[in-house]
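Here chain A shows up in two complexes: once beside chain B, once beside chain C.
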Partner chain A sequence: MSQTMLDDSAAFDADAEAARHLALQERRGRISMILRYAVLTAVGVLMLYPLIWLIGASFKNNAEIFASPGFIPKDPTLSGYVKGWETSTPYTFGRFFWNTFLIIAPKVIFTVISCAAVAYGFARFQFPGKRILFASLIATLLLPNVVTRIPQYLLFSEMGWLDSYLPLWVPSAFAGDAFFVFMLVQFLRSIPPDMEEAARVDGAKSWQVLIFIVAPMLTPALISVALFQFMWTMNDFLGPLIYLSSVEKFPVSLALKLSIDTSEAFDWNRILAMSVLALAPSLVVFFMAQKYFIEGISAGGVKG
Partner chain B sequence: MSGESRFLGFWYVLPYVIGLLIFTGVPFVASFWLSFTDYRLMRGAEFVGLENYVDLFTADRTFMRSLNVTLAYVALTVPLKLAFALFIAVILNYKLRAIGFFRTAYYVPSILGGSIAVAVLWRYIFADTGLVNMALGVFGIEAINWFGDPATAMFTITLLRVWQFGSAMVIFLAALQSIDKSLYEAAAIDGASKWRVFLSITLPLLTPVIFFNLVMQMVQAFQEFNGPYVITNGGPLRATYLLPLYIYETAFKKFDMGYASAIAWALFAIIMVLTVVAFWSSKKWVYYAGDKRS
Partner chain C sequence: MAQLSIRNLEKIYGGGFKAVHGVDLEVADGEFMVLVGPSGCAKSTTLRMIAGLETISGGHISIGGKVVNNLAPGDRGIAMVFQNYALYPHMKVRKNLSFGLRLAGEKKAEIERRVAEVAEVLEIGPLLDRLPKQLSGGQAQRVALGRALIKKPEVFLFDEPLSNLDAKLRASMRVRITELHRRLKAQGRSSTVVYVTHDQVEAMTMGDRICVMKEGRIMQVADPATLYERPENLFVAGFIGMPEMNLVEAELERGPEGHALRFGDQVLRLGPEQNARIAADAPKAVTLGLRPQHFRLAEPNDPEALAAQVGKVDFLGHEVDAHVTIGGAKFTVVLPVELFREAAQGGTIRLRADENRVHIFDRASGANVSLA
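Presenting the complex of A and B:
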């Protein structure tokens, strides 16, 4: 009897101890949780503030931009946008947006088609030389562009393609971004080929399988590819800088650089307004489709 | 699949093979050859043997300066960016509300960071009366001449890259979330401290993605162009005159293609050596859990 009482009280003590321990843990957990949110919020504000300031400052007048670190304009004005849209060239900013679109649209389409076909070949077929070719794909991922850029320039110059969009378009028609092929191959490998085999048994040709079965399954990954190519081309500066020389063909990135060279010393809100405009398409696309970005980057690991 | 040529798959990868030859393979070999020539546009190539390389390493002070600042830039940027990405990913990897919100907020700079517009913004942020100096002024701290001093100028272009830690962070976060929870439960039963758990479980299991991020970020950092070109224009005193800038000016301003190719190959050799060292050393520190990886 006393033995059981002893046991009981020991068990009671242990329970109380455990409860106290749990409460302590819970409190510690809550403190660490608050700490986490504090750090995350502070870092987030610090990171995004420059962008918020940029948007606010683009509506300030020139006198106010360098007057206070706040982002809310005291005397909001659209003059930066009006002047920025006019640009210091004979063309409006709309022209440069159109040029950017002319570069991006074919590039994205070529990339999606060529990369899908090549990834299909790598993921679903055996053929002589496949291992070496796949290894070359990984090698080009790591190969710095800087080493091939000069001969590429000479090649395009030889073909008379300078000051046209061809040097920017054509490589993408040949699955020029190895990274996308790699990402699609990884994606395809995670899908069992059952449906494709069934279709083949029913007599479908391999290209029919690609178009009617593989492409629909690949759609989410292809959207990621298109979005990343859109962003990268939007941000690409060195390519247009090397290949384009007439202002009438400039994309937004070059037009922006041109305008800081000519009017930065005095027309600050105009430069800031043009910067906001230049970032706007990327921001809009990102917020509309961020799921694809995060998934794409987690799946393959993207540069950036 | 009977009756089909065993080359069928090859037809699908053919575009890649052609592109590989024309836009990568041939240029790769050609640039190596060009680096042994004196090639100026309109005049053609003249073979000069090792002259370009001898010049680079014995007579060209700009090159040595540029090489030094490039190495400093990479050594500064890559570890900072990865450490920051990992730190934030670990904090995010708990059952937090609004994890999606924070992930998005941190990822935005990676999406926009490569844009010229952001480089332009950086000039305003670090200008003499720019955002940072105005903010410092609020706390009574004296304004800093960011672009006037070699060390602070380097800091501004490094910060632009570190600011874009989001993509590396998303990769870390995906890896963290795929770690088997039972490992943590077992460690908790054994009474291991959080720091101990991080060092003995989390970090080893993350080494494959750390390695991946390390190599990718390094290769990219060596090729940084937009930041120094637009923000600091290589200055002051060439303190941010990274090798890609030097290559660009030699090749596309002076059209001295042979010499520029030699600089490019010197840069390429450095990247190659460091990549090989990374791969070689990875056998010692990268941990692959069984055959789960594929």
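Presenting the complex of A and C:
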């Protein structure tokens, strides 16, 4: 009997000790968590500040933009948006957004199709000269874009494609973006070829395997490719600048510059307002595709 | 008729490495042929050449009398079940089953009828609207089997289909596949099977005949009993049977009363049946082969008894595997459980080998010289 009571009190002591330890650990954990989040929040705000300022400034009037460093406008106005949308050209910004869309849509579609086909070829087929071809593909990754600008310009000029969207579209229809091909090849290499072999045994031809089996398995990676191509094309300034000369064909990236060029005194709030609008499509598309995008990055393993 | 005939088949890879060395194999219509061997023996490569997934470097393969060397896999009249199921991950089970039929442009009603038929046979009806990732291993393998079955192929090819399953499921799938084969055969449908495995239990229990391969060559093709009783060479002898056959270097001596094998300080006199089987030109330097099951405890005064020192003893429930030393050579001996205590004592026991089931192999060539 007394032995049991002794055991009980010893057990009680041990429990109390454990509870004290737990409480201590919990407090320490909470303090360290607060510190961590404080630092992360501070750094995050610091990095986002230019963007926040941009959005705030687009609602200021021109006088205020350079007068105060804060981002909350004292006297919010939409005039930047209204006047900026009208532009100093005969066209509104709507036209430029439409032009951007006309460049982006075919480019994204061509890129996805051509890169998937080329990557499938490199990842799954043996053919003479494959190593050399793949090496030269990768080599173009290392080549600075600027180096090829002049020969490309001359080529497209000879073909009479200047001041049209063709120089922007056509390279992507031939898997001109080596990075995407490389990315898809890597993704394909992580997928075992058994499903494709099963499809071949089921009677599928190579192109049927690509369309019915490979493309669906590549979907997350293809969405990433489309997303990257969308954002890069949206932000591309040099390409349209070189090949397009008529204002009516300008995409948003050129039009933004246009409003700086033509006005004598820059209306910064217009430029900032249009910059905000120009950012919007990329952001919207990114958040819409985010689920698949992350899947594309994380879904490497296929259940064996 | 769907007999499969392989003539002088060769596979040479780009680097000059020869993986398959002139394999000849005939699989009769409706036969269940198992290709078995250790990893790297080119059994899967051979199967993949039959399927058309690997190019053929030499020789030819014909299915139902038609040479298929240059036909696409889909045109060969084969269906294949893969080790990791290889179900199309983005298609529901129903679509997985019907993919081949849809490609072939089969009518919708016919596709539905065949899906239903296969689903019934394999009991996968409730799974038809699931995605492969929602299936367990056994279910996925049944769907993979269904995908092969639905095509009504001339030849079924299996590439280690059970090795991803756990032991219990493997045993039940083994039975299921064997029964399916029997049923197809009874219905008069094409049911020729080539089944690749590295598991000799699968090979022995499922195969009508077994083709044992090593390093791209066929070692022996025979039915399971023949492989076990009359292995043609050292490799087959060591590969088939569990625990492995004891293989010990010995001297073959010819005496007036027949042959005897000397190893260490022990002499094993052969029985009359075995004496008759030994080839006349058998060399002196041989390897003695004796299955662990072919030992028994010797009678107290047996002059032919072998003295065995007992080392480690594995208790398996239904039997005891004792690792013993006889005449300086190591043997594994399977003994009845009742002898467990005696064998476990770590002392010496007296064993009698079954003299008529001793195999004698030419040490130089590895050929069995006791088969005549």
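Quick note on the criterion: the second predicted complex is superposed on the first by the 248 of 304 C-alpha atoms of A that agree within 3 Å, B and C clash if a C-alpha of one lies under 4 Å from a C-alpha of the other, contacts with A are read in each partner's own complex, and residues count from 1 in each chain.
Everything below uses one rule, namely that a residue touches a chain if its C-beta (ideal position, glycine included) is under 8 Å from a C-beta of that chain, and two chains touch if they have at least 3 such contacts.
Treat the numbers as computed from the prediction; the structure is a model and nothing was measured.
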item	value
Chain B versus chain C as contact partner of A:L24, first or second or both or neither	neither
Partner chain(s) touched by A:D202 [first = chain B, second = chain C, both, neither]	second
Partner touching more residues of chain A, whether chain B or chain C	B
Which superposed partner A:I213 touches (first chain B, second chain C, both, neither)	second
First (chain B), second (chain C), both or neither touched by A:L256	first
Touching partner for A:D194 - first (chain B), second (chain C), both, neither	second
Touching partner for A:L137 - first (chain B), second (chain C), both, neither	first
Where chain A meets both chain C and chain B, residue numbers	126, 200, 302-304
Of chain A, residues touching chain B in the complex	33, 36-37, 39-40, 43-44, 47-48, 50-51, 53-54, 57, 65-66, 68-69, 114, 117-118, 120-122, 124-130, 133, 136-137, 140, 142-155, 157, 171, 173-176, 181, 200, 206, 210, 231-232, 234-238, 242, 253, 256-257, 260, 264, 268, 271-272, 274-276, 278-279, 282-283, 286, 290, 293-294, 297-298, 301-304
Interfacial residue positions of chain C with respect to chain A in the complex	14, 51-53, 72-75, 78-80, 82-84, 86-90, 99-100, 103-104, 133, 147, 151, 164
Footprint of chain A on chain B - complex, ascending	1, 4, 6-13, 15-20, 22-24, 26-28, 30-31, 34, 41, 88, 91-92, 94, 96, 102-118, 120-121, 123-125, 127, 129-131, 134-135, 137-138, 163-164, 166-167, 170-171, 173-174, 209, 212-213, 215-216, 219-220, 222-223, 225-226, 229-230, 244, 247-248, 251-252, 257, 260-261, 264-265, 267-268, 271, 275
Parts of chain A lying in touch with chain C, wherever the complex brings them together	126, 192, 194-195, 197-205, 208, 212-213, 216-217, 219, 302-304
